[in-house]
Amino acid sequence: MRPSGRAPDEMRALSFETNFTIHAEGSVLVSFGNTKVLVTASVEEKVPPFMRGKGEGWVTAEYSMLPRATHTRGSREAAKGKQSGRTQEIQRLIGRALRSVVDFKKLGERQIVLDCDVIQADGGTRTAAISGAWVALRLAVDGLLAKKLITEDPLPRKVAAVSCGIFEGTPVLDLDYPEDSAADADANFVLIEGGHIAEVQATAEGATYDEESLLRLLRLARIGCERIFAAQAEAVAK
Amino acid sequence: MRPSGRAPDEMRALSFETNFTIHAEGSVLVSFGNTKVLVTASVEEKVPPFMRGKGEGWVTAEYSMLPRATHTRGSREAAKGKQSGRTQEIQRLIGRALRSVVDFKKLGERQIVLDCDVIQADGGTRTAAISGAWVALRLAVDGLLAKKLITEDPLPRKVAAVSCGIFEGTPVLDLDYPEDSAADADANFVLIEGGHIAEVQATAEGATYDEESLLRLLRLARIGCERIFAAQAEAVAK
Amino acid sequence: MRPSGRAPDEMRALSFETNFTIHAEGSVLVSFGNTKVLVTASVEEKVPPFMRGKGEGWVTAEYSMLPRATHTRGSREAAKGKQSGRTQEIQRLIGRALRSVVDFKKLGERQIVLDCDVIQADGGTRTAAISGAWVALRLAVDGLLAKKLITEDPLPRKVAAVSCGIFEGTPVLDLDYPEDSAADADANFVLIEGGHIAEVQATAEGATYDEESLLRLLRLARIGCERIFAAQAEAVAK
Amino acid sequence: MRPSGRAPDEMRALSFETNFTIHAEGSVLVSFGNTKVLVTASVEEKVPPFMRGKGEGWVTAEYSMLPRATHTRGSREAAKGKQSGRTQEIQRLIGRALRSVVDFKKLGERQIVLDCDVIQADGGTRTAAISGAWVALRLAVDGLLAKKLITEDPLPRKVAAVSCGIFEGTPVLDLDYPEDSAADADANFVLIEGGHIAEVQATAEGATYDEESLLRLLRLARIGCERIFAAQAEAVAK
Amino acid sequence: MRPSGRAPDEMRALSFETNFTIHAEGSVLVSFGNTKVLVTASVEEKVPPFMRGKGEGWVTAEYSMLPRATHTRGSREAAKGKQSGRTQEIQRLIGRALRSVVDFKKLGERQIVLDCDVIQADGGTRTAAISGAWVALRLAVDGLLAKKLITEDPLPRKVAAVSCGIFEGTPVLDLDYPEDSAADADANFVLIEGGHIAEVQATAEGATYDEESLLRLLRLARIGCERIFAAQAEAVAK
Amino acid sequence: MRPSGRAPDEMRALSFETNFTIHAEGSVLVSFGNTKVLVTASVEEKVPPFMRGKGEGWVTAEYSMLPRATHTRGSREAAKGKQSGRTQEIQRLIGRALRSVVDFKKLGERQIVLDCDVIQADGGTRTAAISGAWVALRLAVDGLLAKKLITEDPLPRKVAAVSCGIFEGTPVLDLDYPEDSAADADANFVLIEGGHIAEVQATAEGATYDEESLLRLLRLARIGCERIFAAQAEAVAK
């Protein structure tokens, strides 16, 4: 029995509140239950030094958690003067995930920065961030197409992510914080619409796991990502 | 004529959305028009080193702007590895403003941290933050009183802040971004319910100003803060 | 009765020792009683990035306190690896104050950096720094005029600053350290020769204050700045 | 055909040169072909703050690459003043991998730090580091047992890691640099002696991948880790 | 012929202006010609962690140059966020030099911090700092003796330092900036009253040097330090 | 009697293992007894900003110690976020030492970076680093000559370094750690093949020393460096 009463393959309530802020080219407040992440997509008409002069674009991500997004206040990274290893690991993951579905030639020599700021945390902030980042990126790309700054869609497929884990011996989908902090294994899957995989990160926490468990977690992730793809489609159709 | 069409002594739409997040002891999303700041109050059962062993409490504040709260994306302070002078100046101001209305003996040896994170900026973020911080602090203090962790109210009076400025020769109340960026003088007033002043910061931008102008700005600030006090009262009464 | 025995509107002994060091284009040791600040003005034939190509100049300031300028040794900011919020706030104030009297078009595309290093502190270091910075800037500008690098004076008016405060219920001028550390309110005024105001920063410390007190402090500041303007004039006339 | 001429399931020459340095409690130079990592295990009779007073031990890892371990010189992280996100991500992975096989109660309240310094890089430095770290840790634990500081073996099973990837359409084992930089997918597997999995990190690089590929990479990893387990056993038996 | 017209074994005008500032336990403005260094000695009734509980004292030094102490403005280390290698090297040298003449048992478990801030630079700032630091330390120690906080003099001998170098083929004493920047070899000698040596740092700049030259530079240093010892004695006798 | 049983003028076993790593243009593992330093020389076809456009080259050095090179683990400078004063002092010394034997005009506008990483420490790491750096630099220069990127040898003479000290009253050559930590004086000599001196750093530790001792230490250093020159010659002849 899950603490939330959910079935093993049941996700939390999912929502994408688009245009949550007014300045960004794309903006969404994504909620996976009580986990809420504000993602903005900022279009910049230049690329990082290593990409200059290739006529291709780039997508990168930054991630942060507000100090009191969690049960107890965490210290502010800007005040400490450095980003934690966890933060850097997560923002690298988000960037890779989104880049896996972008055609950089079609994007042209510009960069889109995806800022993922966790307003409230209850497990799964990185997977909510990836799923929301696709929506913000889609909105920003739609803006570029509408303004005819680009002529071909550089974002032909969706990407989504969800966490799964083994909680009290049972593989479950979309861990919330009580499950996440007690799970024996914790896996994040980044899946592409159509069935392909962009990234698997499956980590033993309390106990190591076997191949069968890995496959069962992947199957749950497929169920979850199908739901996310549907919600993403609905959000950007509005 | 103000860009927004407001009268010189007219504030923007004002709202305090309390309990915006679930983990903090006090939480509010304050809006002054399009300026939106999330303020959380976190109660910590310890005080900073310089206050230890006095049996008295402390209140401090931190301030940050999400990278895309503004028209163009600003770089993230956590990524740059330091807080700007502007950020430090603002968070020091917020802390002083709130401390001016707290009775630290009645608060007991605990600290309340006020995190002010600007979700969207359109001028006046520091004054919105101060006005919202009072609401978050009030909610946190109410929680301490309800749990009987303290027995006397350490927050007997309200504090609010508003910006005023001289825009195209006319003193106006509650500057939005188009006014703020073109004003000849920009003043922030932190006022206490009942008429006293906690802080005045009045800065010449395009042109220096005279004493008469300073007094006219102060009068506008009084009008604005009365409106804020009323809205604060309503917000915490809910 | 003031600890120093001064009358409420009496400033401390004031001196500007010009050409205190030999390398800088302008240099002065300013003393407000026991507060001693070395200010140098350095002319650089380039401007910061945000000013480039406009044909206009810029003035900026840096502030620091020697570790043992005070009663007990403070740690060195260079050793700690960052400037405190207080330091940044003060140097931003000094820069704004001086920029309020400079005509950047007449200065031409060059920058003047004002380094304010507190040799000895006894209250009022930031206001002494501003008042001294005008002298150093004047000397540097005179050098540019003498070398015919500029043809019109970009510094037509003086700027000075002084602190005032409410000490044991009485508004007093030019706080020294014993007054500053016990004052109920502490205000810094940056005034322009001729009567205009460049900046007011009036902060409640022990108790909030009313409008009447603010005006009395401003009146004291006018008395003090008149004395400073006279001493500045004498210093640069030498 | 692989650039090195190896068969798809063929590892590079593998060696563990134990006691490579004299001061550390455990020390090994691990080579996976031209990838050479020096791993030292340092026993410290204290644990980090979050583990104090529990009577349990801790294992952590740090990772670094010498500036000229690679084809072109990389800048030194100590000189830049911060560790890259890549470095932090890798050292967190190494720490988790080793902790998955340690019984902290049996280790007692002490910490073992695993320093992994890459002397020469040719792909797979993180997996070589994990495989070598087990050897260094084993040697350090043997020393504790020999000195009777602990009485029960806290390290009952081996852990090893290997990278696999899809190179020109073919799943291959133990990527070297030419393969790693051109692979479509790059996966690191951390496996436990006996068949269990501690971590999978499988990332799409040039192209996303399907479930069948993931399973084939896992099968290759099992082949590789069996070879590593054998070599580890031989190394510590000496 | 030296640029200054001095004889090869002639020092610049030397002065020690004691009690230059009022707060420090010892304070002196030392001048070697146009090189002016403010040295303060701060007595702290605690020692650094590595000295605690031994009943012995410690002496340490910090060094900094004001940004415009030199011909062109150098950037401020506090603003850059780190001390240069040169600064650290110099402050380590000053600390070692002074510690070589202190009896830490007689000083008792307290630390004296010597802050050396270069107000104006014209070559030889580190040797002026060492020579001045002895005076500041002597004054601070005299204060401890006067207050009977210590009963035996922990500073029985003087230490002084001077730079020598080979300028246009001739060994010369007390290099000023024009000599220093053109010298073939640059040597700093830290000598103890009575003839012993605390430190020699002799560095080839334009050309390497031979043993005979080293000895001739040492002989010049002895001449210079005798003059400094006399001036130190006179300064502290006042 | 020396702890190692060596005669006062006897060096430790000396070896230069060239081409220790494969990527660098020059690479050597230098051993002075148990002190082992890996030095790589990296040729970069650009020079630092202050050397640009002069048609001349540059040589610089970086130094680091692996955390467990020593008896007890030291914290990693990259993790602490800054290099210690000791590290900076040593790498500046290494750079100066090597630059004293390079003809920068003949090297052409390119930089050679010498990375000195201490694998194992037992006293004398900086002198081993200098002696090894010459070998790595020689190999890199030989490569440039072989590829005809330069036509004249920019490295006509050898440089070597050795530490000497006064241990229990006796001047001894090539201090190991037990001697170094107990020596009364510790001197590092950087000598040029042929007899000239590049640098002397002779520091009193437990007791100050006299001129006679300095000369005796220099004589020992000459003996040591002759042996090093011979070993360097043999190493690069291979």
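Just so it is clear, A, B, C, D, E and F label the chains in written order, and each chain counts residues from 1 on its own.
One rule holds in what follows: contacts are C-beta pairs under 8 Å (C-beta built on N, C-alpha and C of every residue); 3 or more make two chains touch, one makes a residue touch a chain.
Going by UniProt, the chains are A, B, C, D, E, F = Ribonuclease PH.
Note that the structure is a prediction, hence the values are computed from the model and not measured.
Provide the labels of all chains in contact with subunit A (Ribonuclease PH) and in contact with subunit B (Ribonuclease PH).
Common neighbours, subunit A (Ribonuclease PH)/subunit B (Ribonuclease PH): none found.
Over half of the residue-numbered contact pairs in common: that is the test. Which of E-F, C-E or B-C passes it against A-B?
So the equivalent interface, with over half the same contact pairs, is C-E.
Relative to subunit A (Ribonuclease PH), which chain has the most distant C-alpha mean position?
Computed centres place E farthest from subunit A (Ribonuclease PH).
Taking shared residue numbers divided by all residue numbers at the interface, is the value for subunit C (Ribonuclease PH) and subunit E (Ribonuclease PH) over half (same) or under half (different)?
same
Suppose a student superposes the Cα atoms of subunit B (Ribonuclease PH) on subunit D (Ribonuclease PH); what rotation angle should they report, nearest 5 degrees?
120
Compare the CA centroid of subunit F (Ribonuclease PH) with every other chain's and tell me the farthest one.
So the chain farthest away from subunit F (Ribonuclease PH) turns out to be B.
Using CA atom averages as chain centres, what separation in Å is found between subunit D (Ribonuclease PH) and subunit F (Ribonuclease PH)?
Chain centres of subunit D (Ribonuclease PH) and subunit F (Ribonuclease PH), defined by C-alpha means, are spaced 33 Å apart.
Rounded to a whole Å, what is the gap between the Cα centroids of subunit A (Ribonuclease PH) and subunit D (Ribonuclease PH)?
28
Based only on mean CA positions, could you tell me how far subunit C (Ribonuclease PH) sits from subunit F (Ribonuclease PH) in angstrom?
51
Show the residues in subunit F (Ribonuclease PH) shared as contacts by 2 or more other chains, in ascending order.
Residues 81-83.
Would you mind giving the ring's chain order, read from subunit C (Ribonuclease PH) onward, with subunit E (Ribonuclease PH) coming straight after?
C, E, F, D, A, B
In the complex of these two chains, what residues of subunit D (Ribonuclease PH) are touching subunit F (Ribonuclease PH)?
Listed in rising order, the residues of subunit D (Ribonuclease PH) that touch subunit F (Ribonuclease PH) are 21-24, 27, 34, 36, 38, 40, 42, 44, 62, 64, 66-73, 76-79, 81-83, 87, 113, 115, 117, 119-121.
Flag every residue of subunit C (Ribonuclease PH) that touches subunit B (Ribonuclease PH) in the complex, lowest number first.
82, 85-86, 88-89, 91-92, 96, 100, 187, 192, 195-204, 208-211, 214-215, 218
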